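In the two complexes that follow, chain A is the common piece, with chain B as its partner first and chain C second.
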Partner chain A sequence: MAATDTSSAGHGSHRHAGHQRTVWTRLVGWAPLLTVILLVGPVAAGLAGAAGPAFGWLPALGGNRLSLAPWQELLGTPGLDSMVRLSVVTGLASTALALTIVVLCLATFAETRSFRWIQRLLSPLLAVPHAAAAIGIAFLLAPSGLLMRLLSPALTGFEVPPDYLFPGDHSGLALIIGLVVKEVPFLLLVSLAALPQCQADKRRHMALALGYAPVTAFLKAVLPSLYPLIRLPVYAVIAFSSSNVEVAMILGPSTPPPLAVSVVHWLADPDLSQRFMASAGALLQLGVTLAALLSWWLLERLVAWLSRSLLENGQRRTAATFGRLLGSCLSWLSIGLLVASLGGLLLWSMATWWPFPSAWPEPLTFANWRRALDSLGPATLDTLLVALGSSLIAILLVIGCLESETVNRTRMGKGATLVLYLPLLIPPVAFLQGLVQLQAQLSITPGIVTVILGHCLFVLPYMFLSLAESYRRLDPRWSQLAASLGQSPGATFVRVRLPMLLAPIAVALAIGLAISIGQYLPTLLLGAGRLTTLTTEAVTLASGGDRRLTAVYALAQLMLPALGFALALLLPRLIYRQRRALQH
Partner chain B sequence: MLPDARPSPARLSASCTTLQNSFATTDCTRRQRTYRTLYRNQDRKAHMPQPPCLSLPCRCLAGALVLAGKVGLAGTLGLALTATSAMADTLPNDWADVEHQAQGQSLYWNAWGGDSNVNAYIDWVGDQLEQRWDIELVHVKLDDTAAAVSRVLAEKSAGNDDRGAIDLIWINGENFAAMKANDLLFGPWAEHLPNFALTNPSQQAEMTTDFTIPTEGYESPWGKAQLTFYYDSQRVENPPRDLTELLAWAEQNPGRFAYPLVPDFHGSTFLKQALIELSEDPEVLQQPAEEADIETVTAPLWAYLDQLHPWLWRQGQHFPSSGPELKSLMGDGELWLAFTFNPAEPAAAVASYQLPPSTRSYVLDNGTIGNVHFVAIPFNASHKAAAMVAANFLLSPEAQAYKQRLDVWGDPSVLDLDLLSEQQRLALTPADESPARLPAEALSRTLPEPHPSWMEAVEKGWLERYGSH
Partner chain C sequence: MTRHDRLPNDSTRQQALHFDQVELHLGSRPIVRLDTEIAPGEVVSVMGPSGVGKSTLLAFAAGFLAPAFQARGHVRLGDSDLTHLPAEARRLGLLFQDPLLFPHLSVGGNLAFGMPPGTSRHLRRQRVEQALADIELEGFADRDPATLSGGQRARVALMRVLLSQPHAILLDEPFSRLDTTLRHDMRQLVFDKIRQSGLPALMVTHDEADASHAGGPVIALQPLGGESITSQPMRGSHAPG
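After this line comes the complex of A and B, so read on.
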């Protein structure tokens, strides 16, 4: 330093930077702890709430001593083995199928015009609530559904609907289809976010230059580095699909249903002594989900071991034509199914009396929308408040956790990571009952605050999932460069990392919004039902069997998250329209 | 001792005789303490604009006068009374005071929200409560009453005995039996509602019996339900008039009849209907199942179902999830004959395009299961006074008449027409007829519900036999 004044300025800024460094480091240092506290309390209470009764402990119902009776009763339940088998099989099969579709889709369509179309469709498709998609698919494929109406009576000769067992088939095929069409958009989204991190384009171009066919290039050069980045989201998908309730209730078999559905039935049984067995069932569900995850992990090893020689054999056209055909068929089929089921919902929302076999409701009416309009307004407002509140809290904590990793150059411990994902592993029904008890114990008045905090439990893990890899993979040299130019960690975050990560952060926020908007049980239980959201309205109306009103609410329910995803994809482009490399 | 603020000694003694058992106590300090808690609970709506005469200080003053009345009453008359319920002493012993205390309270009413007509009716009740008693009604919409039961259970487990989140539950049958048996309900209170007498409980036994369980004042009747069959008259000319005919009909029309998956309420009700009709001695069903030979009594039912199932929708391999799903399937034309527990539902569903205009309803020749649905107050409800005022309003001829209108809900009234004025009687006689609606006289062929333990026994037997393939 030459002149005194610059030197003193330099000192000043150094001191300033040092001060900021402590504040920033301390601030983000709190984030993992806060996150763990926010999750651990409720998760522990939730687990205790399920574990106590499972071993006979629930004093309010006269269960004052520990026993194994609930487990004995559970094991004596007729059809328990089928329930467990259904949960594991549908969970693994749907995940495997969805992953295959996503991989083949990426391999087939990378850098084509169709791919941009798929990307554009992605946000509305992601936003479709599970239950709405299931209702739409049921209506599409049922014997009296839209597909059969289009074919009848001209091609089939059916004047009245035929009577075949689908959806609801014993093998769970309809359930698997329903899960796949909702999992594909999710896995596609996380893959799209991860592709730039593994430098997919460069790898692919290199393989193409070496003479590999496009599909083979992706499978051999990109996939091995892409999969580790999307492994956690895949695990979340397994956990969800092996324990989901809404989709299984609509599309799954009923004699017997998958385990999670049975647990819900047992918990809702007016005979309160069933609660003990229901809690044991909830713990068993946890075990089933873990077993499914373990099987998947073993499958991963097996596939990796088997495919090693395939990857290295230098074959340029492995699965080139077949993969391409299958990829385009399956991708368009799964997207087409979802779009068609949405179309069906739209028709229902405007239908008057619409008998079989007419494929078009006549006359169309807005009466169903008008009937719903009164309560749509306030419900939308509350839905937005809760979703924004919980996603903002969650994004702050997630960024805080990841930033503290970056600043301290550490990774979160295994235990902390486990805590983070626990809310996804435990079946919500059982876990929430414990939460409600905790809330009552602490005499917290149920209302919007408890609902927002409760939603955080479910929103946070998914946001972490979607953001973590992007954050961790960001080239550390950017931060080192900023530091060498005299920037404090805080300033580096605000001026370098935040702008570069804006796109994944926006996507994480959109996912958070969508997850929060779709929550039914946490909203009902933690808010004591005092908060009316679009989802609570949709679910209670669906219980009344009015398909027209249900369709109206399902559509209203998917508009908000669709808006969120559209913003998440658009905003970075708008803000960085001058900076091509940041537009992702 | 403060002066007695109560004007009329006659009213005093009347209220003493009717209410003393549940509400009065001699313990002055305890009473004062409860009143203090009461006032804390009462002003949840402090942020709402209040009419000038009901401002916070005024209400406290009024409360103090009432309190003085209580102390005076207990002291001067020297009544040696004990409270029958631990919680009952939080309420005053005169209906006017209950109404007064209800002023300005919020009321969280947990009620099934699956029917837009019912929801609109509850909205209307909310408007009336707001206008007349300044009660803010919040309809907590449930997809299953079990959620409310679970919440009260969780609150009890957590030791929350007076700040419960639920004030009123729409309930009956098994849920009531379970809540009553596990001490999750407040009461007895129903007999103290001024309008309760209009149901003529001494003549209409079903007003005080819920699935054979005596209500003992722990719930107040609200409306009536009866298993009602409906069919599409364009496809079906002669619907089956009893269960034997139903079997023959199903064989002729395979796949066109179904009942919901047991233990769904509608599915279980169909089983109970079949059990009553098929069993040799239906009287046995009025007693707890443990007192009978379950296997023998239920044997005809299983034999019947074994015959029926191959002819059901999806060959009995898959069952609709609920009663409302039966309605959707009727609308799709997959089913041609179905049933509901709400006699007004088919007509309302025709009006909202869910069922074909050619829908007709009827009850079986030997009658069908019917019951009364009620409202109950959880033991730890925060706003018991408002809940009682609401329950009383629900029993008023005005509210019952409005509820019975087909364009509103169509739920049959629980009042005894003989006890009403000419004008009220007229209002309760339906004028708006729909061809899809059940004729009023059909509702007289009502079979009583069996004891709840039979429902459990039948559900268990069903799940063992047909619950897994």
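After this line comes the complex of A and C, so read on.
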């Protein structure tokens, strides 16, 4: 992170001695640079690697001349307008819906007992991989899904599954639902982290004392300063949902699918000439996501302009009752949907014969699990290898960056924050597709190493965001004390900061593992389909007909990160069981 | 590099701590000036309203001055100049408002943390036990610091500093978080120990009683003017205690 040194060596004054370079400060000084290279390098190279073939240049496949042919071919693709429309609409709609739910949830439940429940549910729900959640939603809401079984035949009179298209409806409703249930926990988490920064409780209390209703108090006194703090994560959500592949493959329409899914299809087409078009499609996806971001930004301006008078009009009960009602309904609905889909997955994984409309499979057996065991083993092993590899690389860099901030007493600037979010703001399909073309051009063998490095791009930002808060909040006097007792900066890290930050570091590792385990696209593209992880297998199975086996894989994919979180919470407590002050 | 490589050896113990023409600036604004000498066993109290730069002065002496500040002048221990040494090589013991016992270490671990390395494990353990006996906490070595009372923690923090064999002690409002009865006892203990060990000490405080108990000279810091830094009378010289 390009940290800015705030010291300006004044005329005739000397830099004070705390800044002498030791081995440790030199070592961690490299971390920010390495991190920037790791994050910016592949994204830039990937976009360049997509730009070449998009204009006909890819010597490895015989493209030696610049031409506009790939673009002409792309524009001639039937249904391109629907693909683009689907990407933009599902991206913006799911983000708007998720943000509304999160804002109303915070406004309704702030400082209540339900809120503590929601907070407790947050980490496990966050750990659910996108693919598993999408599969769960599909099995829950499909015509023969759990919900319809619960209502039938008593309420609906259906003896056979009704005939409606879900998942895969043409308007993308299923896709939007699937995206929203996963975006809500994420946006809730970043909001919770940002609330103390804008002194939310004090502002709310002040507004309550002035006679504002609770929901109105939050909307008028807290939200205007909260939103700027979560703007980047919101943009990341837009970028993700307008370009996501695995959720769209499972829940989205297929004729035509959203643009990102088409790009992956074209790239995988046995007809190699399709690859040129895939690159043009990848750049178009970049444009589509940027357009979605721009529209959102304009929407922000509009809302800010419209709400200015609303904020100052003195109305104490704006949206007070309606907001509270909607807030509790939508919050519990989105959490309930996710929890119910996971329950459904569990039932499907243990079902043998489960005819419609019975709501409970009988008998429940482990037969499906036994059947899957042989193939589950190797896939689990590869999943773990990739997850551990990328998380370890990322945690070293993240700790290095934060140590560098600590020993040099600087803070990363705005530009550095943007670099951190870069892989989350650029549609992955755009630069990953370019990296594949580069791989082909430079004849780099795709495999586990490229996949691990690719996963780092997505793992590192989340780990940084999770650890930075705890690292920066650690009282600097602990380190000063250690130094005054003769400990060098390196020894202070090993003997003071590392043990005191063990719990947040363990949680950051668990988050890294969860993110890596959930990755679909980088595994598929950078591994050239040769690396089978639980996620790639679950997504592949989801398009087939075997619900039982799909459920087994989705659950396995979900259990691994859950296990990681359990360990991250348990181990530090176990290690410090004799230390009361570290038992939070 | 072990800490002994660049440390003055033990014969430099019990030397005076000098602040030679020390001036701290924030940008072009002077914050604090100090020119004084602290004799072994003497406690010099620095007083003044909050925001006057007392803590900045301490941070400068200990080697933690924030990068935003610029410093002139020197901190010396006897003949050796500390100004350019990193914090960990200065051997200036620090006592904060809070005891700051490391939560991941036992009481004994906290005491051993600051002890110079190299001695046998048995000897270290013995010293820890002895130090605990010294502050009436026999048998507390394996206790979790979180289970100690406020007064017990403050005493352990003091012994941790002394066991690290510092060459001088810096105290940052060391008694302000203690209740009245405890404060009296702690003052007694801290100042007795400092006198016994013959260490020069600089104490930053806003409590008159702290300064009068310390018995040493009192320096009253006053806010320095923003613009004119030239012709003001020198502040920070000794005033009668």
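As a convention for this text, the second predicted complex is superposed on the first by the 379 of 584 C-alpha atoms of A that agree within 3 Å, B and C clash if a C-alpha of one lies under 4 Å from a C-alpha of the other, contacts with A are read in each partner's own complex, and residues count from 1 in each chain.
In the analysis below, contacts are C-beta pairs under 8 Å (C-beta built on N, C-alpha and C of every residue); 3 or more make two chains touch, one makes a residue touch a chain.
What you see is a predicted model, and the numbers here were worked out from it, not measured in a lab.
Engineer: One more residue to check, A:R547. First (chain B), second (chain C), both or neither?
Structural biologist: Once the two structures are laid over each other on A, A:R547 reaches chain B alone.
Engineer: Figure out whether A:R409 sits in contact with chain B (first) or chain C (second), or with both, or with neither.
Structural biologist: In the superposition, A:R409 contacts chain C only.
Engineer: Of the two partner chains, chain B (first) and chain C (second), which one does A:S488 touch, if any: first, second, both, or neither?
Structural biologist: second
Engineer: Can A:Q480 be said to touch chain B (first), chain C (second), both, or neither?
Structural biologist: The second partner, chain C, only.
Engineer: Between chain B (first) and chain C (second), which, if any, makes contact with A:G529: first, second, both or neither?
Structural biologist: A:G529 contacts chain B only, not chain C.
Engineer: In the overlaid three-chain picture, which partner chain does A:G157 touch, first (chain B) or second (chain C), both, or neither?
Structural biologist: Neither: A:G157 stays clear of chain B and chain C.
Engineer: Does chain A have more residues touched by chain B or by chain C?
Structural biologist: Counted on chain A, the partner with more touching residues turns out to be B.
Engineer: Given the touch rule stated above, what does A:V496 touch, chain B (first), chain C (second), both, or neither?
Structural biologist: Once the two structures are laid over each other on A, A:V496 reaches chain C alone.
Engineer: Between chain B and chain C, whom does A:R579 touch in the aligned arrangement: first, second, both, or neither?
Structural biologist: Touch partner of A:R579: chain C, not chain B.
Engineer: Find the residues of chain A that appear in the contact set with chain B and again in the contact set with chain C.
Structural biologist: none
Engineer: Within the complex, which stretch of chain A touches chain C?
Structural biologist: The touching residues are 5-10, 12-14, 16-20, 22, 408-410, 475-478, 480-489, 492, 495-496, 499-500, 502, 576, 578-582.
Engineer: Under the touch definition given earlier, write down the residues of chain A that touch chain B in their complex.
Structural biologist: Residue list for chain A touching chain B: 58-62, 78-79, 82-83, 142-144, 160-161, 163-165, 168-170, 249-250, 253-256, 265, 267-272, 275, 351-356, 371, 433, 436-441, 443, 445-446, 524-525, 528-530, 532, 536-537, 539-549.
Engineer: Show me the residue ranges of chain B that touch chain A in the complex, using the header's touch definition.
Structural biologist: So the residues of chain B touching chain A come out as 108, 110, 112-116, 138, 140-144, 146-147, 149-151, 153-160, 163, 165-166, 173-175, 177-178, 182, 235, 254-255, 261, 263, 313-315, 317-319, 321-329, 331-334, 352-354, 356-357, 456, 463-464, 466-469.
Engineer: Which chain C residues qualify as touching chain A in the complex?
Structural biologist: Against chain A, chain C makes touches at 1, 3, 25, 27-28, 60, 62-72, 82-94, 96, 98, 100, 102-104, 106, 113-114, 116, 144-147, 160-161, 164, 166, 170.
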